[in-house]
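Heads up, the thing below is written out as structure tokens.
For clarity, chains are labelled A, B, C, D, E and F in written order, and residue numbers in each chain start from 1.
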Amino acid sequence: MYFHRQELQHSATPEKPDAVYARKLQEVLGGQYGEISVAMQYQFQAWNMHMPGKYRDLVFGIGAEEMGHVEMLAIMIAQLLEKAPLGITEEAVQNDPTVAAVIGGTDIQHGIVAGAGARPVDSMGNPWQGSFITASGNLLADFTANANAEMQGRVQVARLYHQTDDHGVKDLLAFLLARDTMHQNQWMAAAAELQEEGLEKLPVPSNFPLDKEDRDVAYQYINFSDGKKAGDGSWASGPTPDGKGEFSYLPEPPAGVPMPPPTHPDARFYGTTELPNTVEKLAGRAQDALHKE
Amino acid sequence: MYFHRQELQHSATPEKPDAVYARKLQEVLGGQYGEISVAMQYQFQAWNMHMPGKYRDLVFGIGAEEMGHVEMLAIMIAQLLEKAPLGITEEAVQNDPTVAAVIGGTDIQHGIVAGAGARPVDSMGNPWQGSFITASGNLLADFTANANAEMQGRVQVARLYHQTDDHGVKDLLAFLLARDTMHQNQWMAAAAELQEEGLEKLPVPSNFPLDKEDRDVAYQYINFSDGKKAGDGSWASGPTPDGKGEFSYLPEPPAGVPMPPPTHPDARFYGTTELPNTVEKLAGRAQDALHKE
Amino acid sequence: MYFHRQELQHSATPEKPDAVYARKLQEVLGGQYGEISVAMQYQFQAWNMHMPGKYRDLVFGIGAEEMGHVEMLAIMIAQLLEKAPLGITEEAVQNDPTVAAVIGGTDIQHGIVAGAGARPVDSMGNPWQGSFITASGNLLADFTANANAEMQGRVQVARLYHQTDDHGVKDLLAFLLARDTMHQNQWMAAAAELQEEGLEKLPVPSNFPLDKEDRDVAYQYINFSDGKKAGDGSWASGPTPDGKGEFSYLPEPPAGVPMPPPTHPDARFYGTTELPNTVEKLAGRAQDALHKE
Amino acid sequence: MYFHRQELQHSATPEKPDAVYARKLQEVLGGQYGEISVAMQYQFQAWNMHMPGKYRDLVFGIGAEEMGHVEMLAIMIAQLLEKAPLGITEEAVQNDPTVAAVIGGTDIQHGIVAGAGARPVDSMGNPWQGSFITASGNLLADFTANANAEMQGRVQVARLYHQTDDHGVKDLLAFLLARDTMHQNQWMAAAAELQEEGLEKLPVPSNFPLDKEDRDVAYQYINFSDGKKAGDGSWASGPTPDGKGEFSYLPEPPAGVPMPPPTHPDARFYGTTELPNTVEKLAGRAQDALHKE
Amino acid sequence: MYFHRQELQHSATPEKPDAVYARKLQEVLGGQYGEISVAMQYQFQAWNMHMPGKYRDLVFGIGAEEMGHVEMLAIMIAQLLEKAPLGITEEAVQNDPTVAAVIGGTDIQHGIVAGAGARPVDSMGNPWQGSFITASGNLLADFTANANAEMQGRVQVARLYHQTDDHGVKDLLAFLLARDTMHQNQWMAAAAELQEEGLEKLPVPSNFPLDKEDRDVAYQYINFSDGKKAGDGSWASGPTPDGKGEFSYLPEPPAGVPMPPPTHPDARFYGTTELPNTVEKLAGRAQDALHKE
Amino acid sequence: MYFHRQELQHSATPEKPDAVYARKLQEVLGGQYGEISVAMQYQFQAWNMHMPGKYRDLVFGIGAEEMGHVEMLAIMIAQLLEKAPLGITEEAVQNDPTVAAVIGGTDIQHGIVAGAGARPVDSMGNPWQGSFITASGNLLADFTANANAEMQGRVQVARLYHQTDDHGVKDLLAFLLARDTMHQNQWMAAAAELQEEGLEKLPVPSNFPLDKEDRDVAYQYINFSDGKKAGDGSWASGPTPDGKGEFSYLPEPPAGVPMPPPTHPDARFYGTTELPNTVEKLAGRAQDALHKE
């Protein structure tokens, strides 16, 4: 069950209107790595989790916090839009190229669809979608997904930090940056703890029987481009992070195997084949088949 | 530049047709974590990369390999479909409930749209889309995204391994599992190397000035659910993975701040407000505004 | 701020596994009118609302409840999948056509992607998306959207009720049906109250100056099909619901106006026009334009 | 069958070019509540309707009109684009910041893809999609959806009305506003008539046996936020609009029920569980399972 | 303007229910090359066309016919669903594996969302979308798109023809096949006529000044794969279809040019670069930049 | 298998930064007819092809070239963005309306998401998707799709050519225009060769038995609009391009057939029907049905 309190975790009030920046903030609200994504991702991980205890409490504990981050951003966006020029004509203002420039950079739907409100979309207006999230049930994989989400999210907030001079906005972003710092650290710690406790290891999924995979190529770097420097990395020689092998380096791929011959499905799929020399023959074959119908 | 050779990296021939399994394989061809995703992700990371050398050679070197994995899966799928029942009526066969069951589980577009060929979609028929990939230019974030992609991908292939008895299919999956093992290891190694070389560290982006973020909450676990066990984890006390702080644990959130008052945008957006007691007043205001037009 | 409690509003435990039904339940979790939609819709309406008080408290108060409904469905789905056949091969079972039929009707990604967990998608596997929701800031319009959402949702749950014999599932659906009954009633009451208080009336938006619209056609039924019975409805004669006019009925559309002439954009868009008789002329024109470049 | 006449229902000619406004108009052509949506929605409702007569004649009669509205908007957009700057370089003009601002606010695909023509997208360039429409077969639900669509549509057109000074555009919008007034009134009248005739009542679907739903919670307002004013509304006490109950108000949710224990699917889905203390054990279990394969 | 008549162009009544086939028919109603696509494509081409006369009359004349094809398919689908098992439980029937198989192959939303009605989606449940259509304003390009659409559509209908024994369905498909035959022929004729009249020629757009393109590579087949037989085709030697050159064949690509050096955007985008050896330096640079803020 | 070489087929370096143009170039990288589309389309056609030899070598040979075109555009875009204003605040510059205008016209995600890098999206920010491509297995249909793709692509590149003065960009576009010229010619030649060799003819699929289609309407132009000039075209009289008939012209459609009666699905789908006069009766019916459950 979820409960709402009409408070914010941190203040979210801009100094002045800025409709272009409101659009930019949509990225971290409704984009691939925005707050809706992490809120939904953590909650689905919690609902699908296969064990009680500290890991499930963790994803539940943060999932609800992220819902509150969505709320802070939505409320910030509504305020940035409140008195901003969104296209309503005011004669004096319309002819000002600066105003025209501002309007050109806004999310058109902020005005026409939402009436100066936030929307569940990214900064280019693409709707948030369920395919942004990850919840596989394998916790080492999923916590790595979470670490990535918090990294990408913090990179985006840092970029946004440099795109405004508004102290109210910057104050909220400073808060979000810190929470992303926390969440990055925490998913890294949780991923390490899973491995220390032996619940999951590299390579994920670690309980797939290794003798079933093709071990000959399990630690080979095979270079399909012509750059030569990748051979200098720690991924090209030495022990592997999973502790089960040694990296080796192939400067170019070994010879492959021949392609299997092209397929020839039922003639009634009307694919083009080399078999008949003439369409007439094919038509005959199809007609034979049709006689049964 | 890309070059193609009409060979496969590994054999990709099933023992027998299986249209339902062909549909399942679409997941690792065209799904969120399928081979198109990693191929595109690594190549976009390469094209956008801001430094020459081993890291760029690495993403180029693997990106082209993944294109070849897309090819192996597409060719496998076409063969699984070649002689399989895809709905073409054969009287004897149509009334067999097993056949009907098989047909019910196929990708309908495999037959009607592709004529028994592979498609750029996932196992539920959703088209592959550009929003599946990640390429931010920050390499520690991106390599973490890559590690996650290879983990999720290997989990999916492992699950698929148990859903067929076909030795030809299993042989290809064993190869793909091993390459995913390699690539997981390699992204973990590359992420570690980036940090050792000081190119990037935790928290990502590490060169954002930490004094600009709200350090008071940068290492606090704040529990927004009522589970108590998350306090037992290494993410709730002790040093943080970024080496810059100590985790602390708050069993519940501190008091928040009041919400800012609701916004009142221009009346000509026709949002509902409490200000006028009657619609007539609002209409008057709007009409006044309209007189200028 | 949102808080989570590790309890459910109502029990959500099936009697037995049923993977096909788990897929069907996805519709009311992640479909156009599923619980994610109403949860998000009410919360965005709250965040964007332009007045404090009972209407905003109302959307906040229900929005958080709907998040809990998402949770109950996700947890129900995970249990329906727990012991169900999802494609993992068991020799005895694979050859049973009933099992094959079941597997054919499942959401493939439930197994391969989510490891027997719920997903943010509808019953055909389409991801939930932000364009499912409505929050315009005009409350009479939005509450009508909400009433519709609760009606469509209750129709879908009622249909689902007849597609299972599982008492645990039916018990949860009986609860959801009742909550939909409440929410339908409540949005109808709220829409009526808005009008009684004069905050908004028909036609929405009521404060747009009516003399600016083309009043001649504001109450005319114009019949663009050849059915004659629409003239018998209360929408074809008598007073209009907005209390501001009388319906009239036109059995067929009056004569229209001529289409404006086709456009002729800049020749460098290379649209085909009748102006030049020969391509050469057009090329000449384009080349002239190019000389400036 | 559909027939086309090369006339427009109303004149649709702007006074002057305006590419930014052309983009804005795309919202009411191809957006969630644009004319394609209502045209498609009414036609699908007609094709799927389960009774002949006045209701079916009504949706057919308006569906075709809305196709003509799509046409008027498309033709208006093409004219707004005809002579407008769309990025074709003209040296003098490119350096004018006002022109640059205009170009910044245009739909880029209007120029590059459509050659100065209209497109089936909304104002942010998202393609129109089938999931924008509603046709459930339950007419009270669907007519409520229709009323909402006409309300949202009229709000959007009203907002657009204030974003241009072009008399030709305003003249078309005045016509569309009036038709939206008509259609709002008409769906309200039709929804009332359905109820008066006893074909459908609240709660929708009214013929679901009420004793099957959980009547204890069918009229309870349960407050999941901490605002207290929602208790003042007509939805918190007094008779319910469906005439079958009395609203009651719960200031906060009653205690919930415990969550069911986490699921433990087949080990071959490789979800992380608490059961084995070590990965080795899990691998053992998986290997046992594999021996059967 | 569009007008509707409550008749069908051809009878559209199946002999018996078939919910699986109803789902398959959705492909040619709402798929990439279904009837909604051609209806919308031709109408947008008409609205955007830059000349009056026979070509515009042609696209208008067929566009409205295709709307009627959408209608026939929708009505056929509703009838195929009318008495079909769609999941409503009937004890006797549920345990029949044939029925289970049928249900497994249906479009789940046909029952739960549409109440046994047609939907604007393809056979895998993907919503129809505006990006399926093409209307560039260049008529030779667009008529080639139309020819392709009619070819793909006829291939799909032909495949569907072999997937049913229902004479009512086959009768409708025989009609649609013939109309596709007509429309294929017609777009080929129209494309030829455009060229004969000199309105457009190959290469499209023919009025782009050829001396502005890189003529050295305008007729070279450059082989980026290792198959050698492509050199045998008429596209590898001899005169080109546009009449302006001679094909030549390069068995492999000539040497390329070096890649430009990697980019180094503003440090405040936090991309990873080789320039600083340590994160500290980068942080210093970023902090310097921040001092200005 | 695919191999990458760190070279470009042609130089791809702009003279100066231009973020607005970088966004425009996304259309031909990641749009419906961009280079990702043709690269993927040709490769899927190759993988699904049903015969070895020159046609398969052809699609393989070009498919890999198109991957290199994606690369050239991505690298060009990254350079156009390298030093361009993307929203990072510089006080002097922010107040310049020309700069504001530029920023308004950029792809916001170029900065915030990609850190000044290319993205797999079109010029309006829509992600590339698998539904952009065509691979049916019928080669005449598919080569026509390819010809269309190259025509649309060349039209778009030509339009883009006129939207920049940058010689570096124009030089790359001149190269791409020439390759599109080649590929248009080549698909036309290949389509002709298929027909000459009798592998496929008009109407596609030519081996569907013509006597199964409704030959009476196979060559009739039926005019569903009121324009009269379409009767003047070569598609309205004379021999048909498939050589199997004569076009005829019907100035208006013949009378249609009556619509079938509306469907009446199972009452438990809760569709509205005329049968019961009162909801009570319907509820009775539904309750009877429920007694079985």
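What we mean here is this: a residue touches a chain if its C-beta (ideal position, glycine included) is under 8 Å from a C-beta of that chain, and two chains touch if they have at least 3 such contacts.
Note that the structure is predicted; figures quoted are calculated from it, not measured.
Trainee: Compute the shortest path length in steps from chain A to chain C over the network of touching chains.
Mentor: Minimum step count, chain A to chain C: 1.
Trainee: Just how far, in Å, is the C-alpha centre of chain D from the one of chain B?
Mentor: Taking the mean C-alpha position of each chain, the two centres sit 27 Å apart.
Trainee: Using mean CA coordinates as chain centres, what's the gap between chain A and chain F in Å?
Mentor: 26
Trainee: Can you pull out the residues of chain B that are in contact with at least two other chains?
Mentor: Residues 1-9, 32, 48, 53, 55-56, 60-61, 63-65, 68, 75, 78, 88-89, 91, 97, 100-101, 103-105, 111, 113, 115-117, 121, 124-127, 129, 131, 136-138, 140, 155-156, 158-159, 162, 165, 205, 208, 212, 224-225, 227, 253, 256, 263-265, 268-271, 290, 293.
Trainee: Could you classify the connectivity of these chains, where an edge means two chains touch, as line, ring, star, complete or other?
Mentor: Graph shape here is complete: every pair of chains touches.
Trainee: Quick check: in the complex, which residue numbers of chain C touch chain E?
Mentor: 20, 23-24, 27, 31-32, 97-98, 100-106, 122-126, 155-156, 159-160, 162-165, 224-227, 253, 256, 261-265, 267, 269-280, 282-283, 285-287, 290
Trainee: Which residues, counting only chain B, touch chain A once they are in their complex?
Mentor: For this pair, the touching residues of chain B are 5-13, 32, 53-58, 60-65, 68, 75, 78-79, 81-83, 86, 88-91, 111, 115-117, 126, 129, 131-132, 134, 136, 138, 140-141, 144-145, 147-148, 151-152, 154-156, 158, 161, 174-175, 177-182, 184-186, 188-190, 192-193, 202-205, 208, 212-225, 227-235, 240-242, 245, 247, 253, 255-260, 263-266, 268-271, 292-293.
Trainee: Over in the complex, which chain E residues touch chain C? Could you list them?
Mentor: Contacts found on chain E: 1-6, 48-53, 55-56, 87-89, 91, 94-95, 97, 100-101, 103-105, 107-109, 111-113, 115, 121, 124-127, 136-140, 194, 197-201, 205-209, 212.
Trainee: Chain D touches which residues of chain B in the complex?
Mentor: Result: residues 155, 158-159, 162, 165, 268-270, 289-290, 293 of chain B touch chain D.
Trainee: Which stretch or stretches of chain A touch chain C in the complex?
Mentor: 1-9, 30, 40, 43-44, 47-48, 57, 60-61, 63-65, 67-68, 70-71, 74-75, 78, 113-121, 127-131, 133, 135-138
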